[in-house]
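Here it is: the structure, laid out below.
Chain IDs A, B, C and D follow the sequence of writing; residue 1 opens each chain.
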Amino acid sequence: MFFASDNWAGASEKVAEALAAAGAGPAPAYGNDEVTTAAAARFSEIFERDVAVYFVATGTAANALALASATPAGGIVFCHSEAHIAVDECCAPEFFSGGGKLNPIAGPAGLLTPEGFAEALAKVPDGDVHHGRVAAVSLSQATEAGTVYDTADVARIADLAHGRGMTVHMDGARFANALVATGQTPAEMTWKAGVDVMSFGATKNGCWCAEAVVFFDPTRGSDFPYLRKRAGHLFSKSRFVAAQFLAYFDDDHWLENARHANAMAARIAAGIDAAPAARLAWRPQSNEVFGIFTDEALSQLSAAGIDVHQWPSHAAPGSDGPNAGEKLVRLVTSFRTTEDEVSRFVSEVSLIAA
Amino acid sequence: MFFASDNWAGASEKVAEALAAAGAGPAPAYGNDEVTTAAAARFSEIFERDVAVYFVATGTAANALALASATPAGGIVFCHSEAHIAVDECCAPEFFSGGGKLNPIAGPAGLLTPEGFAEALAKVPDGDVHHGRVAAVSLSQATEAGTVYDTADVARIADLAHGRGMTVHMDGARFANALVATGQTPAEMTWKAGVDVMSFGATKNGCWCAEAVVFFDPTRGSDFPYLRKRAGHLFSKSRFVAAQFLAYFDDDHWLENARHANAMAARIAAGIDAAPAARLAWRPQSNEVFGIFTDEALSQLSAAGIDVHQWPSHAAPGSDGPNAGEKLVRLVTSFRTTEDEVSRFVSEVSLIAA
Amino acid sequence: MFFASDNWAGASEKVAEALAAAGAGPAPAYGNDEVTTAAAARFSEIFERDVAVYFVATGTAANALALASATPAGGIVFCHSEAHIAVDECCAPEFFSGGGKLNPIAGPAGLLTPEGFAEALAKVPDGDVHHGRVAAVSLSQATEAGTVYDTADVARIADLAHGRGMTVHMDGARFANALVATGQTPAEMTWKAGVDVMSFGATKNGCWCAEAVVFFDPTRGSDFPYLRKRAGHLFSKSRFVAAQFLAYFDDDHWLENARHANAMAARIAAGIDAAPAARLAWRPQSNEVFGIFTDEALSQLSAAGIDVHQWPSHAAPGSDGPNAGEKLVRLVTSFRTTEDEVSRFVSEVSLIAA
Amino acid sequence: MFFASDNWAGASEKVAEALAAAGAGPAPAYGNDEVTTAAAARFSEIFERDVAVYFVATGTAANALALASATPAGGIVFCHSEAHIAVDECCAPEFFSGGGKLNPIAGPAGLLTPEGFAEALAKVPDGDVHHGRVAAVSLSQATEAGTVYDTADVARIADLAHGRGMTVHMDGARFANALVATGQTPAEMTWKAGVDVMSFGATKNGCWCAEAVVFFDPTRGSDFPYLRKRAGHLFSKSRFVAAQFLAYFDDDHWLENARHANAMAARIAAGIDAAPAARLAWRPQSNEVFGIFTDEALSQLSAAGIDVHQWPSHAAPGSDGPNAGEKLVRLVTSFRTTEDEVSRFVSEVSLIAA
């Protein structure tokens, strides 16, 4: 399948080599080794402040445990209705938070708007034990729709949240793609805009398995070691994650990987935009492109050996969604996507008559 | 520190190389790739029957999720009072089972006896909603004390458990060490003796991160995919675990690693047994040696540059425990332990006067 | 406050007297007494089949535990977006189900439509571990909006649910009000229409504290005793609930209470409908009336000593909602509501100029 | 069955009458009524300080929710190995605390000793994420064995607990019986000895259903309203509990009830002590008597129409336990126990030859 997911890529050579090199010799277990310490220090450098970093096994674990740390009994977490935490994590956030509730909010092209958030927030009064209580808001940067939050919007949402005593969480499964799309620094995109805790994902962008929860105020994470261990997410040979992160950050490897993925996505998007038999569902900003294709176009592509991932149409924001006889298609690029693949796809798409 | 833990070793060269080789090219995510399929097939071969295999991130996750799959509301899990699940997993089994209770049972040298189990079981009547209900028994093979269950005892315990409708779980974090200690086959040590589900650990014995839950009757695991995903333990790039397992099993690599570790432990044990200033707490059978040293002996060892891991003395079974002026010490070997390390240790210990 | 809630009423005289009479003499604890057995038998008579009945302390507990019994790991429960379980239970359903997710669905006047349910259901594919899995649908009869489901709609929703292997739950906190509104039998309104398990509430309609979970197929409830006890909802002196239920059912006391409450609500509704300064948000069918009043009208009512409960306007279905300068008001009647209260209210409302 | 349980008694006349009187008229729901306010004020008077009081449905709920409020992720609660929370609550404490672990400690006649507690505490180091962390200690006053803690021991245990940052919980299901056994004030028995939170039970001693969680420092309970509501333990018609408590406290009704029960138990104990065919397992101090009877004696009693509750013999502390040919028997008295019943029992027992 073409451009099925950035999870289909293995590890980058640089990451794989670093991991291979890290194996020799003994080192203390459970994160008390020098490689883990060095990786943690790199996070603080990258974010320009002392942060607390905790590795976990998956992005789902990072999201669910980060949110659990911010969600007391009866707590409510606000998010976009198509957020990964809302539709792709098998209730992990609800489970780890002891039954916290997700409050999904619709918004254009995967983006939660400050207005939408304010409206949803207003429906949950303070001090009403029946309703539960507001706990956190979670923003995906980049979003599941391939779009990227304007930092001013993040800051407005964070202000609203902090005004109600809530925690602001960022799901950074594709954080590098968002960074290079905007040219912002990691600090600008997160804590300077009001983000309190983030899920920092490196798996989709070159690692085998490298996910971390980052608390920008380390004291907020003081309980996290227990949440993580109780969840079975404390690796014994922690350095196998740390070594991947060190390679990932080294020499801007992560940003280069993301730039490549975004550039490939941009070429795909341009191809769709220009094609008579397809159109963009919305303009992509990172490494995911959502196109709307006629059924006939998909048949022709398939006949040409190009199968693509049809996406449930309900995920498309209203007016931009597919019409009858059309399908929504998701195309995801990664550090591994080749120019040849993209060229072949664009070429075939351009040949299909409307 | 000498012989601190088998978690201090990195990955074996064979495993590290296999992992490095597995990185190139795309493959479906979430376990739908060929490498994962091949690794799963290897498990079935090794166990001589069709088994269901689910990778998870850690041994704690494997134990907690395997037990959760067997523990309904109010369920009670019996285990040795020094089992890893009882003292080293931060309540993960209780958490994932929705508050299941562990019923710890004392027993000599880390071993749960059929008699001890029968006695504990008799205290929990069937159909008494107040007390809760019996759900599972968990056996560590090899144990946390470096001993190995006699399969006849496993079978007796399993018979008692099955007679009450319970599930038999084996914590196989050091399964390979137990296998080579006894010469049994994987099938003989598990399902042929009545084990229903096991935690299969490869991390301590040569891998970076390779843990699996194995259901010997695949239908018992039908709910497990949801338990695992909800726990954030479904890896997206599943082949990074699968590749490790394939190398681990290849050419009896796992058994060789375990044989080496056990042999090193046997030499350490022989040295302690012969030394005037120390004695064995009990006779080790796998890769963990528990010795009792005088305080003076530990001082001299430390002066010679050999620091060892003092173990909480309560973990020692009654009459064999340390006396005043003595300490219990745990020494763990791995595939990485060198003959030189062992020789130096044994030599220094032999020199200390009683 | 006028017509604040049916929870403001105490116990009816008949119920209070029966409870007082039940106190003397010893009886086995935890539901093994004759009064509890008699009450359970009455449930089976009323529903015209053998049912399994479990008392719990509150309607929230009944809903949450009933749903927990039907919701496995990663399970999703569909309900109206204004259902009590969705907005008034502090995440109890999510908590007791180990993090199950509620999938709220909008619908007119508190009613989930078969079409709305079908659409929501279609978004959750079978066998997709990421999304979770469909588990149950919950219908409130009567609804939080004072409306009553057409049994044909219940049956259509139940068919859709059963077609996906789901459980159909009815929240019957105001079940008696729905019964007398339609003239149906308890059997017709529940299991004959496809309901599998219900929360049977008597507290709002004359009891102090009498709530039960009823399984129409008793085998479905086989695990429930453990769920209930683990939740702290097994009363030791069970007969104090049973005695209330016996009085409640005796001589159609429950239906008479409900008829009175509904009749009072109908008079209030007629008064609002006729008043120039107010209108009905939608036509009520049971004991809750939602009216839309001008701000001026509310001021005049308040000046006349009549304060009413303003309801969050978001709860109103779109086009019927309050405009600027208007408020949504909820008025709830009970067995205790007097004709004088109603007359005074209707009279005052009728006097206010538009 | 004779003296089966104090849960077999209904409500006292005084309590039943007060409840009947409280039913008329409207009152705000969910604890915002005057009766609830008055009852809460009575608690503060009785304990001679401002306390926070929360009603719940059962003693199990009181214990589990009180402990949940004190138990973070990976938290461990210490208790006697025969405590109600350990053997009679179907894992409710584990469930509500998100998988907290109970650490049972043996001790003579149902009593946790400061020495036993200190020893158990020493096995759980601070800051060891693997083991979990100490959270609370729970003491039953009176105990399940009918004994009563010396307040000096409570204070020593509380000092140890507070020295580790733990919460001290008292299970007061039979608090009144302990009070009258010692002549202490409620304050002396609780917060003056270091108790932080208690389960205050009135159900066993004259009420239908009246259980409360009492925080001696109200700020500790600030999260409790959410824990309670999420658990389905917030009664809508709260005054039905409050009215019972008001009658319970009125005119020392609760102490009189307890005095009667204790006196009846003392007479039973004296009878057993004097009988040739039976002996006391240990000396009772409240309303539970544990006797050891020969099998022959139990047969003769049964032939005389007196059946008693055989208790699992493991519950007896070692040396005092039943020998072969003997059984442990539990006899519980209540406010309802009559002198005639006691006389008949004592008389029959005295007639049995050794």
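The rule is simple: a residue touches a chain if its C-beta (ideal position, glycine included) is under 8 Å from a C-beta of that chain, and two chains touch if they have at least 3 such contacts.
The shown structure was predicted, so the numbers you read here are calculated from the model rather than taken from an experiment.
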Moving step by step through touching chains, the smallest count that connects chain A to chain C is 1
Of B-C and A-B, the pair with more C-beta contacts is A-B
For the copies chain C and chain D, the interface residues, called same if over half of the numbers are used by both and different if under half, are same
Greatest centre-to-centre gap (Cα means) from chain D is with chain A
Chain B to chain C, mean C-alpha position gap in Å, rounds to 51
Cα centre of chain A to Cα centre of chain B, whole Å, reads 35
Each of the following residues of chain D touches two or more other chains, namely 30, 73-74, 89-92, 95-96, 98-99, 129-130, 132, 226, 229-230, 234
In their shared complex, chain A is touched by residues of chain C numbered 73-76, 87-102, 123, 129-132, 312, 314
Within the complex, chain C is touched by chain B residues 30, 72-74, 98-99, 129-130, 132-133, 223, 225-227, 229-230, 234
Touching chain B in the complex, chain A uses residues 4-5, 7-13, 15-17, 19-20, 22-30, 56-62, 64-65, 89-92, 95-96, 203-204, 208-209, 226, 229-237, 239-240, 336
